[in-house]
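The two complexes that follow have chain A in common; it is paired with chain B in the first and with chain C in the second.
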Partner chain A sequence: MSSSTQLDPRRYAALARDGLRSVTRNEFVRSLPFLVVPAILVGVFVYGSIVWNFLLSLTDFRGFGDPDYSSLDFEMYATMLSDATFVAATRNTILLMLGFTFLCLVIGLLLAILVDRDVTFEGSVRTIYLLPMSISFVVTSIFWAWMYNPSNGVINLSLRAVGLGAVAVDWIGNPRTQLLAIVVALVWQFSGLTMIIFLAGLRKIPRDQYEAARIDGAGIRVRYLKVIIPQLKTSLFSAIVILVLFSLKAFDFIFVLFGVSPGPGADILPVMMYREAFSANNWAYGSAIAVVLLVATIVSLVPYLYYQYQQDIL
Partner chain B sequence: MIAWTGEDGAAGFDALHEGFKSEHPDVDTVINDNPGGAGTGLATALDTRMFNEDPPSTWGFFPGPDLTDYAEAGLLGDITEDVWEQANLVEPVPEYIRELCQFEEIGYVAVPIEFNRLNNLFVNVPVVEAAGVDPASVSSPRALLEVMEQIEGETDAVGMAQSTQAPWTVLQLWEAIHLGEHGFDTYTSFLEGSVADQESEIKDSLSVIADYSEYFNEDSGSVNFTEATSQFIAGDAAFLHQGDWSVGNFNRADDFAYDDDWLAVPFPGSGDVFMGQNSAFMYPTPNPTPEATKQFLRYAGSVDAQLRFNSLKGGIPCRNDAPMDDEEWTFNEHQQAQYEDFLNAENLIGTIAHNNVVVPQIASNVSDVFSNFKGSWDVDAAYDGLVDAFDV
Partner chain C sequence: MTRSRSESTKDATVVSGSVESLFAEVSVRRVLLYVVLATAAVLFLLPLESAAMTSFKTVSGFAETLPFAPPPPDAATLAGWTQSWNALRATMLNSAMFVVPATLILPVLGSLAAFGLTITDWRGQLPVYILFMIGIFIPLQAVLVPLSITWQIVDVTTLLANLGPVNLWALPLAKEHHAQFVELAITHISFGIPLSTLLFRSHYKDLSDEMLEAARMDGVGMLTIYYRIVLPLSKPVFVVVMILAFTTIWNDLLFALVIVSSPAAEPVTVAFASLAGGMVQQFNVTMAAGFITALPTLLVYIMFTRQFAEGFSQTGV
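Presenting the complex of A and B:
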């Protein structure tokens, strides 16, 4: 190297100082002390646990003692495919997720539109619809069980009173109607929340647009279908994400009603996971079910994340 | 750690705890209540602590094969010398219960505290009298079908108050039917995994319970066992199959007196067997308070402790020398009759429904089978499920 290319030591030191100063002034670096601690905590306790759970699912660990990590395979996942209980629980989980989410969206949207139309006692109506959200699943599962009672429950009594005795079945005793009964109860509890989400979206739409559509001769149905609802995409995606996650929380409701073995009509993956882990002490299989649940949750979030990415708000 | 946090269970444990404190005032105790879920809350919390090798000093729950996973992991300690021999428990405790409390490779790991009979047929006296039937003369579970038909024909009551909401109530009823219909040897060989060898017997007893379902209360799938018991108390059903813990509900009901309004007979065909649910206090290791725990376990096995706990909780002592005429800790007529049967029974045995007889994985599998069966009453599918359930 020639001497002409060598840096002056003072200039070198100045450059180093400038570099250091620019690094310390960098926003990311300055926020590190605030980010590192939670990042480590989340990393260890959330992502570390997820990785550990996945590793457990590759072992054949059951009972107590130490898992054997020396031979990892996908045996538990292969077992699932031939396990009729897992297939039934998966089917129920998907049906519950779809049915619950769809019905909550439809009813929540209708309620939001109703409340948005300046009804009398709007505040009270909003509170009444939202109130079920504040009640614990344990309580709602018990009183819905009373309402579903085939002999003296209010649902069957009402059906019989209006001449629909033929459809007054044993809602939570019959495996064919158990899931429907659970979905209806959950929709009752969560449609108020969906209403609030849609109501917030509706209130963000300028009133001028309602007026403009009305002056252009659009009827109320056309106004909502063509002008208002298309603008509720963000609310819709937010509601879907929340509802999908809540559908996985149906564990509490089902556990209180049926215990750890609800049977093929009401079993869902979270209950099966708990049963395999804490009743059968079959930790590896329970972990594998947990991994499937995690993947299902992530997959169900992808459309929302993609939408946010497209809107440049991710 | 205990799950006895409600009504009779809490009263029984409080009396036991009080007795221990009066004998050992120098020993500090911390009671960790884990209510709910028929013991599942306790089991979950306990599993977590055992995983961390941070067990409680002791816990009250089911002994026997339910403890196998803990025993194999070295999480249970030997109390043969320090508790069983020092407290002279071997002689007064019957062999079946002793077996539940020990593992061959360790020794004794638990001390029994209660035994609740399960092969009961509770009878609503006014209902059966109105129907003109004598439940004591019913010779087999199948013969009970005719009696229930007669009851439904003669009265407004249904044959049997039953909850099919959760599988355990159906499983324990089927176990009583299988025992009563095919005898002790067939039942015990089933528990040992001989399922295919007794295909016709198992299918037969499954078909009997499927036929029973015709005589259950209409809302059996929507009510829990307490609500079903209430229907029995109200006279809406002639019979109830449950453990002795139901007697607490009978006693709390207004105008529902033993002998006048209800009585209990052994489940048809099983009079020579005392099928029960046993609970015990365990000795885990590493134990945080080894000496204090052993003091407590020695006390738990004593006559005083067994009288205190069971007189209030509704079960019977696990010893053969407990006086039923104690002045302070009294036993009702039903308990006295059960204790007499316990002492005279040719055989003692437990149930899968209450985790005393098979390892947890099998118990969970069998429970799954009955969670399917209670909705479909498909005998062939349930039999196939039972064959697979023992394949672990």
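Presenting the complex of A and C:
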């Protein structure tokens, strides 16, 4: 009896070896060396920062010194609701996002359909349409400021040339046209990318479907509306995601042209967040605006993520 | 025979007639198509073209000529370019100091993570992958305040000074403000990993399972599989990710604004923004400065247009 409870040292060693082997054979352990560094970086800097930012938004942290985590409440979020600046910035953000995304989708789809018709210089045309994407928004904002220049800019000179001098206003100086001016410049920058996404989608549709619809006597408009465009759902979804994300990049544009205080005509949440936190040192309030922006972005992307899950793309 | 001949000629005329009308219709359509595409191309190039022309003009030149017209001989000058080059030269180097290392490290980490999340099979793999994927969609504003506090607390300068056997900052060419390049690089890498992982993973999913399984059955270690089989097969993805990373990080403004505290470490985008803000009316200087700032990414774009398009169009996939 005593001999059976007493472990033979040789057997013990073998067990330990087996145990060690099963640990090294464990799939999770085997993938660790590959995951450790990226996971720590993402965990600490991305998710750690998000959690910390949420905590900061519950404090009253402002000015200089250290945040006080002893009394946490949603005061900053209550302040937001009665802050006219926040309401205006939210309105502008939504308008900009919708206008920009819609225009990019329409122009991108039209260009993709045109480029898809066996164009001789397809490569050059694509290169030109996508060219603005490679330039920093910081730079293109200044190029567009020159386009919009009230006296010497291309836009107003063209308008005057065709007899529309009456509408040749100071596009980025006038609070009523600022947002439109920003949207046009952003559409210029991103519609090429939208075209590339739709073009890739069009190329995935089998050619015989075009032919079948044509033989059935469908006109070109019907062919596209009824047969081709409904099949671009995946492209449409990914284009919307990219555009919604990039619309937040309007920050660069507005920051360079107007600084941190663009006024109610061009203020958007990313700019307001930066102003409150880094210019006015209202850290907690800035963090709270950032939380709203984060939640709004993720919520607006849920349908897309669900779609991907359904399509088993994950 | 005569009849058949007449019939065949009739057929021929009918056919040639319809071909002609078809040809005419098609060619009108084609011409229209090319006109629309060319007009769009002109509209896309116009802001760049008028900026380029303006950059070579004198002050009186851009005030008096059309913005898109080439500079007349008496109003042409390179002053805008030399002035902005002198103002931005040092900051171009600053940008390169963190953009290049980040561009090289990011695809390596993305590829490693994608391998760890694709080839193996363990519980919790999908949630981890979903967390990585959500990382793509995080607006940078949501992390700015914590990041700025983090890099104030973490004293990279002192850490690096005590890291090796000698004080790093005592080495020739090393300056203490270079520590901020390390901060910028680490931040950009962390926020680039999710997208980079996604791009690699969508490639690794297509790799032959049988081949990898066979290698594993033969007792080949994971590291060897990665190094010998997977890595050589992912060269094209490396190019795509590197181009995406280089363009995004070079063009970034927000992280630099928040993280860089020493003016000596300013990247070119920040320097350009303040130069453009300070010289509102000297359009020749600001336009030239814009092209200088954009030059590296423009060159990368022209050399790797296809990979650039591939990378950016998969941002949301």
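Keep this in mind: the second predicted complex is superposed on the first by the 279 of 314 C-alpha atoms of A that agree within 3 Å, B and C clash if a C-alpha of one lies under 4 Å from a C-alpha of the other, contacts with A are read in each partner's own complex, and residues count from 1 in each chain.
By definition in this document, a contact is a pair of C-beta atoms (placed from the backbone, for glycine too) under 8 Å apart; a residue touches a chain by one contact, two chains touch by 3 or more.
Model, not experiment: these values are computed from the prediction.
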item: Touched partner set for A:F278, first chain B, second chain C, both or neither; value: both
item: Touching partner for A:V44 - first (chain B), second (chain C), both, neither; value: second
item: Contacts of A:P262 with chain B and chain C, given as first, second, both or neither; value: first
item: Touching partner for A:N174 - first (chain B), second (chain C), both, neither; value: first
item: Partner chain(s) touched by A:F64 [first = chain B, second = chain C, both, neither]; value: first
item: Contacts of A:P206 with chain B and chain C, given as first, second, both or neither; value: neither
item: Partner chain(s) touched by A:T85 [first = chain B, second = chain C, both, neither]; value: first
item: Partner chain(s) touched by A:G153 [first = chain B, second = chain C, both, neither]; value: both
item: First, second, both or neither for A:G217, with chain B first and chain C second; value: neither
item: Residue contacts on chain A - larger count, chain B or chain C; value: C
item: Shared chain A surface residues [contacts with chain B and with chain C]; value: 149, 152-153, 255, 259, 278
item: Chain B-touching residues of chain A, taken from the complex the two chains share; value: 62-65, 85, 145, 148-153, 170-175, 178, 255, 257-265, 267, 275-276, 278-282
item: Interfacial residue positions of chain C with respect to chain A in the complex; value: 33-34, 36-37, 40-41, 43-48, 50-51, 54, 62-63, 66-68, 109-110, 112-113, 115-117, 119-126, 128-135, 137-150, 186-187, 189-191, 193-194, 197, 222-223, 226, 247, 250-251, 253-254, 257-258, 269, 272-273, 276-277, 283, 286-287, 290-291, 293-294, 297-298, 300-302, 305, 308-309, 312-317
item: Touching residues (chain side chain A, partner chain C) in the complex; value: 26-28, 30-35, 37-39, 41-42, 44-50, 52-53, 56, 111, 114-115, 117, 119, 123, 125-140, 142-144, 146-147, 149, 152-154, 157, 188, 192-193, 196-197, 200, 237-242, 245, 248, 251-252, 255-256, 259, 269-270, 273-274, 277-278, 283, 286-287, 289-291, 293-294, 297-298, 301, 304-305, 313-314
item: Contact footprint of chain A on chain B as seen in their complex; value: 37-38, 40, 43-44, 47, 50-51, 68-70, 72-75, 164-168, 217-223, 360-361, 363-365, 367-368, 370-372, 374-376
